[in-house]
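Structures are listed in the sections that come next.
Consider the two complexes below, in which subunit A is the common component and subunit B and subunit C are the respective partners.
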Partner chain A sequence: MSARLELSDLHKRFDSVEAVSGLSLALGQGEFLSLLGPSGCGKSTTLAMIAGFLQPDQGDIAINGESQLRVPPHKRRIGLVFQDYAIFSRLSVRSNLAFGLEAQGVGRAERQRKVEAMAEQLRLGHLLERGGHSLNMSEMQAVALARVLITEPALLLLDEPMSNLDATDRADLRGELKQLQKSLDQSVLYVTHDQVEAMSMSDRIAVMRDGHIQQVGSPEEIYRRPVNRFVAEFIGDPPINIVPCWVKTSGSEICVNTACHNDLYMGHGDLSEGTHWLAIRPHVFKATHEASENSVALPVRFIENFGSEHVLHLQYGEDLVGVVVPPGFAEGRDLIHVSLDAAGVHLIDRTSEAVVRRRAVEVAA
Partner chain B sequence: MSSDKPWLVVLKRSAVILSMVIAFFPIFWLVSTSLKPFDEWANWPPIWITDRPTLQNYRIVFFPEAAREFAAAQEGSLDYKVSGSAWKSFQDSAIISTLATFFSVVFGTLAAYSVVRFRTGGENYPFQFLTVRMFPPIAVVVPMVAMFSVLKLSDTYFGLILAYTAFTLPFSIWMIRSFIEDVPAELEGAAMIHGMGQFKAFLTVTLPLIRGGVLSTALFIFILNWSEFLFALVLTSGDVVTITIQVANYVSASSGKLYGVQAAMGSVSTLPVILFGYIIQRHLVRGLTFGAIKR
Partner chain C sequence: MAQESLDATAMKQAAPPRRRGLPFNVALVLPAQLTVLAVVLCPTLIVLWLSITDWQPTSGVTWYQAEPVWHWNFYDLYFDDRFIGALLRTILVVCVCVALELAIAIGLALLFLEEWPWRKLAVSAVILPMMIVPVDAANAFFMLFNERGPINHIISLVIGEAFEFSWLADPDWALLPIMLAEIWQWTPLMFLLVLTGLMNLPENQIRAAIVLGASPARIFFRVMLPLMAPVIAIALLVRSIETFKIFDPVYILTRGGPGAATETISMFMYNGAFVYFRMGYIAAAGLLVLIVVISICLALSKPLKRHHG
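Showing the complex of A and B:
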């Protein structure tokens, strides 16, 4: 039976470092929630506290409404796949899978049956008699997942489970994992620093930095409406462009100039005049071959080829900006005409780094 | 190797041979002396290998009547302990060394586990523990004698076992700690997540992985205990006799130190250590190459 998880006001300090600071987060039943952030942001510490390996200094961890603080790890009914998988290398794959059942006192015949069933479900049958020491990374990953799912955990924690895999295995696994999670209606907390993994699998994402949650929302929300510069920069591939801009206000109307584009009207708001930041997704720039009324000609510095699309890196004042174009668009050209619509750009306050204004959120894809 | 110049090879091999000679000479001399008759023990120039090998020294060690016979023949008197057999000292040493090693390694393993996994005592704790051992034992021996006599621990098995355990514990903790550190905490975590309590996870997952390290630590501690002299000397007074004390007792009023007898006893007392080392040899190698554990 899948579970709900509530974290409320968690704190954990290591010596002088506040690893997790006032973290509150709720995971619904059957939800796939990613904890996304750079290394050292406190996401693994959070995971260790949920699993019971670390005791929080403050705050509460509740599963289905019951506090887990006094429950030892082995009684929390949590499954955890470790980053390095922690396969018992002296045991066979079969014994690895049966390990949890055995520790829980499940009878031999039942163990046998469940191991076979799980091996079939995750297509591990051919590995069962192999030794744990002989597996490659992607096999270890699969065995670790099977070993944990076989105990039917109320809550599944995954700690960067793909960081040891190569790109094609990762892409395969993303799909499989998502399907599996849906079919089992399994509550999953997925810890990762890879925004592609988080975006592609999650129902919701919690972006974390320096022990604090920055933003929680659906992948769509996080992508389209980042709350601050950090989230804007962390999400999206190719990455968002951040350029300086100059804000003029008349009444409460905000008008923004950048190094190359002028008079972007950002609607009404309260913001000091002067230098701030403008965050622009690479898809938001409109690139053309011909000059138009509000386009500027920008020199092409280099081109990244992603097959289905190219990213032009153009000189934009003192910065380079990335602009997404169809393949072949910039062939043999030194200058590209680029226009910018205020819709879909994010105005970031230079001191708080919070996104203070954004216009219409629909972005030309 | 193949690219080495011939003179370099010769130099290297000479160095190896030289160090082997230095290392093995005391053992050779011990065994050689143990087989010499009385008048050759302290001969000058030294007799390297005797022409008249005898087992008399060994008989004196193990058979009281041979010792008495010898004493009578030499017109001197042997110490009363020497006129008894060495069997008891082997028995005493075996009991004390084995139990003290056992306790030291068991407590050492548990303490090391606590230090590694729970950061017990903070960052420098194991080192602080080790500094305890930097006291020369002679500095603490006098207060210990006083304490032991008040606590009625002098001249008992328990007293020496306690002293040996206490004094080897820092080594146990220090050595076993490094082996536990090599076992990823995740492995235990995985066992715990799958339904095992922490102690059971330690026993089933970690302990088998550090077995080699624990056994090499045990051998090291056993050798320390087996050859310990100072505590055995001052904390006993005749009821408990360890082999080191027994060796020192082979002194006669008329002839001074009985080198041949001491050598015979010394030769025999190295055997258990060699035997123990041989039995756990396989694990010793594993213990030393432990870093290669697959994560």
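Showing the complex of A and C:
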């Protein structure tokens, strides 16, 4: 039976460092929620508190509405997959899988049956008699997952489970993990620093930085409507472009100039005049070979080839910006004409680094 | 043609000058190697020679002129109850002492695994016996187990009547104080080895076992102990070899007596060589003991090999 998890106002301090401060987060039943952030942002500390290895200084952790602060780790009905997988290296894969059931006092026949079933589900049958120390990384990952799933945890905690895998294994596993989670209707808290994993698997993402949650929302929301510069920069590949801009206001209407594009109408908002930031996804620039009404010619500095698309790095005032184009688009050209639609860009307040929300009707991109 | 010979001359000239004397690396290690040769190989060869003679320093013959008796020393040893008894007694002492040391060391190490106030100081206190000169430690036990010593005194207090027992003079009990002295002094070494091993266990495997709901006993026997196998094998190896050579407590407490009741193999060889002056015979015994010790080493190092294989 999958569970709900509520974290309310969690605080944890190590000496002088506030690892987690005021973290509140709710994970619904059967939801796949990613805790995404750079290393050192407090996500692993949060995980350790949920698992019960660390006691929060303040705040509450509740599973299905019941506080877990006085509950020891093994009574929290949590399945935990470690970053290093923590396979019992001196035991066989079979014993690894059976370990949790044995500890729960499940009978031999029942244990046998469940191990076989789980091994079949995760296609581990051929590994069962192998020793834990002889597995490669992706095998360890699968065994670690099977070892906790077999105990039918109410909540599955995954701590960077793919950071030790090859790129191809990761791509395969993302799909498999998502399918498995759906079919089991399993509540999952997935801790990662890799935005691709978070974006591709999650129902919702919580972006974390310096112990604070920056934004919680669906992958779509996080990508389309980042709340601040950090989220905008952290999500998206190729990364978002941040360029300086100059804001003119008349009443609540905002108009901005950048180094190359002028008079972008940004609708209504609350922002002081002067220099601020404009965040532009590489797909938002429209690159053409011929000049058009709003376009400016930008010199090509270098090209990154990603196969299905190329990213041009163009001189934009004093900055370089990335612009996504189809392969071969910039073959043998020094100048590319680029136009910019104000609807797709995010205006960032220079002092607060928050994205200024526009009250105007969103113009279709 | 002329060009070729010119090149050849040039190459000859460019070649480095031929070295004189020893190569530098050989020169560096040679003194050490010669020393090792002198202190290991020579005595071994002398012992090999002596073991096939019946040389006695009191017989007036120099050692290299001694009369060979070939295999007869070994033949005699085989039928020498005192030798066989000493050998079996030593093996018993090794088994009892090392097993108890390991059990106590694991128990202590588990206590010291978690952080508690004064822990570092307590570790220093626990390993103190190891630092004491073995002869002094043995003397302390000689005093403790004296007929009128503290041990008998405490027993009197407990049972409520006068208790006088000569531990060291009783053939059935004299080995006990010797083994206790050995265990008391050397458990700390075992403790340090085991503690280091425990502290280096992969923490996440233990955490994983905790989350999976395993009891502390299950975690210890199923996860920690198997991971500790190599460390424990090394600890057993080191202590078995050392205990096999046990001498100080035997010499101080009983000199192998009463009779030969506490004579271990080193005590037997000491008595044979320096009390009875039977050098040839004891050389043969020494060789046999060497073979036994090497067998113990090989047996105990098997788990280590498996670990790396």
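Going forward, the second predicted complex is superposed on the first by the 356 of 365 C-alpha atoms of A that agree within 3 Å, B and C clash if a C-alpha of one lies under 4 Å from a C-alpha of the other, contacts with A are read in each partner's own complex, and residues count from 1 in each chain.
By definition in this document, a residue touches a chain if its C-beta (ideal position, glycine included) is under 8 Å from a C-beta of that chain, and two chains touch if they have at least 3 such contacts.
Every value quoted in this text rests on a predicted model; they were computed, and no experiment measured them.
Superposition model on subunit A: subunit B and subunit C are shown in a clashing arrangement.
Look at A:100: by the touch rule set out above, it reaches both subunit B and subunit C.
Once the two complexes are overlaid on the shared chain, A:151 sits against subunit B and subunit C alike.
When both structures are laid over each other on chain A, subunit B collides with subunit C only at 110-118; the other stretches in 2-10, 74-82, 110-118 or 290-298 stay clear.
Counting contacts as defined above, subunit A residues 51, 53, 73-74, 78-80, 82, 84, 86, 88-90, 99-100, 103-104, 144, 147-148, 151 meet subunit B in one complex and subunit C in the other.
Remark: subunit A residues 51-53, 72-74, 78-80, 82-84, 86, 88-90, 99-100, 103-104, 133, 144, 147-148, 151 touch subunit B in the complex. Remark: subunit C residues 202, 204-205, 207-215, 218, 222-223, 226-227, 229 touch subunit A in the complex.
Residues of subunit A touching subunit C in their complex: 51, 53, 73-76, 78-80, 82, 84, 86-91, 95, 99-100, 102-104, 144, 147-148, 151. Subunit B meets subunit A in the complex at residues 184-187, 189-198, 200, 205, 208-209, 293-295.
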